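Letters A, B, C and D name the chains as they come in the text, with residue numbers starting at 1 for each one.
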Amino acid sequence: MTQSIQITLTIPSLSDYVGVARLTASGIASRMKFTHEDIEDIKIAVSEACTNAVQYAYGDSLGDITLVFTILESALEVRVKDQGKGFESSVPIDSQAALNDPDKIGLGLGIVFMRSLMDHVEYISTPESGTNVLLVKNLTSRTDIN
Amino acid sequence: MTQSIQITLTIPSLSDYVGVARLTASGIASRMKFTHEDIEDIKIAVSEACTNAVQYAYGDSLGDITLVFTILESALEVRVKDQGKGFESSVPIDSQAALNDPDKIGLGLGIVFMRSLMDHVEYISTPESGTNVLLVKNLTSRTDIN
Amino acid sequence: MVLDLNVSIRDRSNIPIIDLEGEIDVYTYPKLSDSLKLIFEKYPDTKDLIINLGNVRYIDSTGLGVIANGANQIARLSSGVISIINATPQIRKIFDVSGLMSTNFALYDNEDTAMSRIQPQG
Amino acid sequence: MVLDLNVSIRDRSNIPIIDLEGEIDVYTYPKLSDSLKLIFEKYPDTKDLIINLGNVRYIDSTGLGVIANGANQIARLSSGVISIINATPQIRKIFDVSGLMSTNFALYDNEDTAMSRIQPQG
């Protein structure tokens, strides 16, 4: 009976602890012997998912962000979940347009980065049950293009 | 309504992931602005508690180790819990004697280190419900002597 | 100094330079945006601003967003540009991936290279 | 190389030296105990063994246990001692706290100091 190894981290939706999630992710990725470059990619993707949960999921109130790291033989899967307000994940953001809009906090780069730096990204977001991001990085084959 | 901030990390009882717990602990401690020396103390104490859970709690089977970090205004509390076989925490180990016993893995230093490096340590261990270690480090007052 | 950002501002031949050390993320970025605000107040006419990323170990979309906003601002204020220096290969990659390279900033290997390109104006 | 341990063995005037780099904990300690075993096979009569902790960022009771066991073994084999060199203040503190300082090992600031104490025998 092989059991897949899981590590779970729960942080509050405060910007203070995104770095903690990043450190945990980098520890797991180093243990899995990812290359230095891959580890950096994973750190960024995990941070982007957490940053979004901090900025958008719970409005002004505090909630939890749960990260589930699943260590597979040839890949690391990270699920970043919140129980926040969710969103319509189908509408892409124009970064250049956003840059010229002083009211826009982000430039829509978070999801772009996740998709560019990971091998597989899935976004499941519903207004009722929050957002669930799946980030996958393969151990052997590296791809910078998604 | 002030809510105390908690971060929870669950790792499998494998030596591979003790370093991940240590990294997470060091991230939380840095964020709290502990001194470099205090951060090292916290890393060691957390590692010792996890190492014991890895080595003694579950025998040859796999279980979970849960770390609950509670960030207080002037202290960090870390609870390290397993649901393993527990032990009689009242019997101290003689490190020098253990050193001369080739069958003994450890030298009884783990609990000594936790007590020396943290401001407060509580061990609750019962054969039915596993082991629960509370490690507390104060933010302002530093004490190397317990 | 893990997980934190140190910001210091200096001046070379009247060009403001921001030296950054640490990580730029959602927690630390206000330190960078505050220092940009400070510089735009102190040097409202500057055509150049150098950001030294030599000791930056981590940057993500939040940090990039602040720099891109700063670049936009200096463009509006004085038709100026932001020069990024000493970016590590990993950080260069992040700039590439962002697709923001067309915006008002330039990447140079180091301070002297950046200064030699800027000098004619400064 | 976060969370990992690199071990390399060299020899100076016939004294085996173990250079360690990284973290010694419950995951990495087998690398250290294996190298100690190797040295005791290769140099069964050595009265001295130097462990260089200069690049060790982390050690806990597991690592200390391995070193203390090694010290015990060299004492039995040849009445020898282990010399620890380049330990950082944090690591020195850990040795102090352990109460194992009475055991068969000595701490020296650096390799040359350790060699000058050892030399008469080597």
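The definition used in the following text is that a contact is a pair of C-beta atoms (placed from the backbone, for glycine too) under 8 Å apart; a residue touches a chain by one contact, two chains touch by 3 or more.
Note that this is a predicted model, so its numbers are computed, not measured.
Between the chain pairs B-C and A-C, more C-beta pairs are in contact across A-C.
Spacing of chain A relative to chain B, judged by their CA centroids, is 29 angstrom. One finds 42 Å separating the Cα centroids of chain B and chain C.
Chain D has its Cα centroid 46 Å from the Cα centroid of chain C.
Spacing of chain A relative to chain C, judged by their CA centroids, is 25 angstrom. Counting partner chains per residue, chain C shows two or more touched chains at residues 2-3. Counting partner chains per residue, chain A has residues 16, 19-20, 22-23, 26-27, 31 touching two or more of them.
Chain contacts in this assembly follow no simple pattern; the graph is neither a line, a ring, a star nor complete. Of all possible chain pairs, the ones that touch are A-B, A-C, A-D, B-C, B-D. Partner chain D is touched in their complex by these residues of chain A: 26-27, 30-31.
Chain C contributes residues 1-4 to its touches with chain B in the complex. Those residues of chain A that touch chain C in the shared complex are 15-16, 18-20, 22-23, 37, 40, 43-44, 47-48, 50-51, 54-55, 95-96, 99-100, 105-107, 109-110, 112-113, 116-117, 144.
By the touch criterion given at the top, residues 2-3, 23, 25-27, 58, 60-62, 64-65, 68-69, 72, 90, 93-94, 97-100, 102-103 of chain D touch chain B in their complex.
Residue ranges of chain B in contact with chain A, taken from their complex: 3, 5-12, 14, 16-17, 19-20, 22-24, 26-28, 31, 62.
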